[in-house]
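All chains are identified by letter, namely A, B, C and D, in their written order; residue positions are counted from 1 within each chain.
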Amino acid sequence: MELTNKKMTEADFLAEREKVRQEWSTGWDPELDFSVSIPYLKQIPDHKIFAKKLLKAKQASVTMVQPRAGVPVLSEHIKLMQYLENAGADFLPTTVDSYTRQNRYREAEKGMRESEQIGRALLNGFPVVNHGVKNCKTVLESVNVPLQARHGTPDARLLAEIIHASGWTSNEGGGISYNIPYAKSIPLEVSLRNWQYCDRLVGFYQEQGITINREPFGPLTGTLVPPSISNAVGILEALLAAEQGVKSITVGYGMGGNIIQDIAAIQALQNQTEFYLAKYGYKDCDVSTVFHQWMGGFPEDESEAMGLISLSATVATLSQATKMITKSPHESIGIPTKEANGFGVKASKFVVNLVKGQTLPSTNLLLAERYQIEREVDSLIHCVVEAGKGDLAQGIVKAFEQGLLDIPFAPSRYNLGKILPARDNDGNIRILEFGNLGFTDDIKAFHRSKISERAAFENRTLSFQLTIDDVYSVSTGKLVGRPKNR
Amino acid sequence: MKSIVIGVIGADVHAVGNKIIEYTLENAGYNVVNIGVLSSQEDFINAAIEANARIILVSSLYGHGEIDCRGMRDKCIEAGIGDIKLYVGGNIVVGKQDFEEVCQRFLAMGFDRVYPPGTTIDKALSDIKQDMGD
Amino acid sequence: MELTNKKMTEADFLAEREKVRQEWSTGWDPELDFSVSIPYLKQIPDHKIFAKKLLKAKQASVTMVQPRAGVPVLSEHIKLMQYLENAGADFLPTTVDSYTRQNRYREAEKGMRESEQIGRALLNGFPVVNHGVKNCKTVLESVNVPLQARHGTPDARLLAEIIHASGWTSNEGGGISYNIPYAKSIPLEVSLRNWQYCDRLVGFYQEQGITINREPFGPLTGTLVPPSISNAVGILEALLAAEQGVKSITVGYGMGGNIIQDIAAIQALQNQTEFYLAKYGYKDCDVSTVFHQWMGGFPEDESEAMGLISLSATVATLSQATKMITKSPHESIGIPTKEANGFGVKASKFVVNLVKGQTLPSTNLLLAERYQIEREVDSLIHCVVEAGKGDLAQGIVKAFEQGLLDIPFAPSRYNLGKILPARDNDGNIRILEFGNLGFTDDIKAFHRSKISERAAFENRTLSFQLTIDDVYSVSTGKLVGRPKNR
Amino acid sequence: MKSIVIGVIGADVHAVGNKIIEYTLENAGYNVVNIGVLSSQEDFINAAIEANARIILVSSLYGHGEIDCRGMRDKCIEAGIGDIKLYVGGNIVVGKQDFEEVCQRFLAMGFDRVYPPGTTIDKALSDIKQDMGD
């Protein structure tokens, strides 16, 4: 069956569902039956429902705080969640381990059991599928804020079934954003198809009056991603989700480092997601935004990391993103202890409380940057639509094939990998090599002139070295990766 | 040109460092065989045999390095390249652990050189040169 | 001899100098003789000269980082300084203990000796006078950046002699700013007179071709000080210093919390200090600014404190202040360990490096706030000039007597203590009770309307309770001290 | 009205907390004699005798509290008010120290109630009420 951007029929969906539930023993659990999951989801109190809390935050213009966190053993994971809630997290995550993300449940099982035995985490997250509905419900029932799964799974169908049936009211991911940065050889057709299922599941619950939030993963590879590329991907995934009946969508963006560009990007993202949803006829979606604290390589020094975390929190708050994802002072080293994770949450929350209500006024500079991002997004989406001859899902596959959409530093072989980003003289992320990126000539000229300005200032030629220097720059305490003598 | 195999082991998709390692080692004059992310022990070993490499440089960033690297030396021996140098670096275990202990664990698994988080590839170049006999 | 704002004659200065050197045994030290100190100061390399490094920073628009720090025992103090230099401090301080600040050298001696013996600091700083020139030179020679004394001493004449002869090329303080917040019963005539001496000493060195920097203490009581009041005091002290021959002046400001107001305050301070110096005929002074990270009560939690420190650093950098004074995560508890102090330095420095070059564009809001501050400063300085019938020093004494100048929460009985500050709805610091403050009626009306707006929003009457709530607010993680139900 | 003497001891000029303590205790219905900052032990004791106070509440913020408070109980005894309650709070020693130890040091000096940094006056109100017999 060819991939198209069409709502799955209920029959197709239910038939596929039977197969999905066969993938691992926990799928057989009768608590996954809709006759059990729907009443369970309906009795969840408002304060644990993602969509409702997001809407309230958006209306109050207050930026909510959410960490990433997950450990393999249930009791430890609950302690972790409770600790982070006490530290002030407005939303809780459950980060899923990397075996589960690749549907390698056998290895996940082994890692989970061994971690239990030796009392030291051998997995980098909580294996939701192996834990199953019962344990996932226990997690939800141990906390007082909404729960979301955060992962990076090209095929998250069983995972989505299990978390939603457990009352976790949000799922992160998407057919592009949980494939291109997270896989090597999974065709986009496959991941897009799988995520249509995840979205259709949410749409199904929506039809029963249960709103579940969906969050495309904004930062992609987290490494020098130009805002228009990540915004375009977020908008495309929002459109695909809406087609399957999703009504609460949170689009995301990973901090770039130039304050004006970051705020412009969040404003453009909110604005254009709403615009495109309306344009395609999805008129009753709630759109909110999430700002990810710096997603690239972190400084090793913990005080510097705290500086970066708090700076990220300041920009997130000024941008009035609905939510921010926090980092910890251990970021460059390894999965944080709960204390280190709480440190990031508390500092971020403190900054939010002090800065909330303050915004960066709309200046020409800000408007110009936002306009630039919006034009670029329009150009990219236009290419996708053209490539798909009107079908968005087809368009996405084609666009990646041809490199019209291209994500820097992505591991996937279904990504052309020809573009090279670099910063301009003010630290804005621009593009040095376009490959086949779907930009009009005037947009390319703008990027070229911006990067040339920098190269001239640094008295060097345009080359991959600029990109490399910028990959290292923030972790070594600079925004622009200048050569030594500058 | 002397050959070195690089890649990211296990279910790990961290691609940025891998691309930079390739670039740096090529600049340093080596024939780099990059098997990329999501690579198994077998992928590394097959590539090493094919390229007649002296070093296998394993990256592991995502935390499962300890599980993923177990038994790799034995597999090398079985494959007849028992004396190849095995390097491992990145963020090779879960969380912030005492590095001395971590290092011991990997040395015991048969790795020759084990690097703590934050060791960029540049800092390992002199070790590579030495083991290559340059 | 009546106090007037006139440059001390050399004869008067030298005569007084003889007496000052009698105050404590270390004053007799022949290294204080100009025949020794002038050549010593002349051989100090550029990178240890405050004025030169400040000028360079100002020209490059980079904000320099300086902590506060000082412990009683020499060897420990040197370790502390070296540690902070390694952490990235661009300038080093030496915070002086509170007995020395009150010229209680006998108690300082006791505290110093006892601290040496028990190996635990019993003094809250480095007793410069008791240490004398020899030890102070050892400190300077152990580091590679400029050194400054930071204290709070109404009579710092001997202290100034000792530090400058030791090659410390900056001294913080002033006749107002090191009296009103730091003393109870020392008449302003006395402290102003003493600081004329300190400034004249700097002027004397200047005549020998040696530039020493002077820095009025901007934050005053550090507690809800309206920007126009601290700016006016800084400008007045700059004028008094310039009269005595000081050429390098750094005026200061303590963060208030509203980003726009903070940036407006720094811009107004730089601008008006230059303006008034020129107006009074001091045409060749270098003026720079220093932004103090939040000076009021700090949150106890160390991660929150790190959030506040990094937020302060962000605002300082955006304001393009020439220098910032950092705080540590131990602030609310006690004098920090060197590690905790270094934590604040490193986080701040990291933020500077990432944010430098980025500014808040001049918007109407920013310009309006700056204009407001400038008008208020003009109004205050006008009152001082009037009160002194043309003599600034006399005017300052009279203005404080009458409450035309009034500093909130100051311990001095020479301060009327009638004004009460409070925040407006946006967190700007405004004035609730004016006492006799030298504001024109339209300025008062502006403040009243701003605070009434807030009171109306909070549905409560104007009272001291607003001020109290605002004293506690930041330390409890809010900018505006709202009542519970808001 | 029952009287309580408040002030800030030694060479300490931190005035903000002192003003708030005055306001809070007056609101709580006590006759507050505030001798302000930079006050000596004698200033506290004289004020207590004059006002017939039951409690002397010493603030020390700047770190020299340990030196400044020594011998205060003896001076009270000499002055004939040996059984007056002595409170101390603020940031009473230099730096972040183990509070248990600090508390012992001040109890040994004859203080009745010793508070760690961050104890706002509100939190001590119930102790005051108790010692006042309210």
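As a working rule, a residue touches a chain if its C-beta (ideal position, glycine included) is under 8 Å from a C-beta of that chain, and two chains touch if they have at least 3 such contacts.
These numbers come from a predicted model, not from an experiment.
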Q. What is the minimum number of touch steps required to go from chain A to chain D?
A. 2
Q) Suppose you hop from chain B to any chain it touches, then on again the same way; how many hops at least until you reach chain D? A) 3
(Q) Distance between chain A and chain C based on Cα centroids, please, to the nearest Å. (A) 45
Q. Using mean CA coordinates as chain centres, what's the chain B-chain C distance in Å?
A. 55
Q: Please compute the C-alpha centroid of chain A, do the same for chain B, then give the distance between them in whole Å.
A: 30
Q) So which stretches of chain C touch two or more other chains? A) none
Q) On chain B, where are the residues touching two or more other chains? A) none
**Q.** Inter-chain touch pairs (all)
**A.** A-B, A-C, C-D
Q.
So in the complex, the part of chain C that touches chain A is made up of which residues?
A. 257-260, 299, 301-304, 306-311, 313-314, 342-351, 353-355, 357-358, 360-361, 363-366, 426-427, 474, 477-479
Q: Using the touch rule from the top, collect the residues of chain A that touch chain B in their complex.
A: 97-99, 101-102, 104, 107, 110-111, 120-124, 152, 181-185, 221, 223, 297, 300, 330, 332-337, 340, 409-411, 464, 468, 471-472
Q. Mind pulling up the chain B residues that touch chain A in the complex?
A. 10-13, 15-16, 19-20, 23, 36-38, 62-64, 66-67, 91, 93-97, 117-118, 120
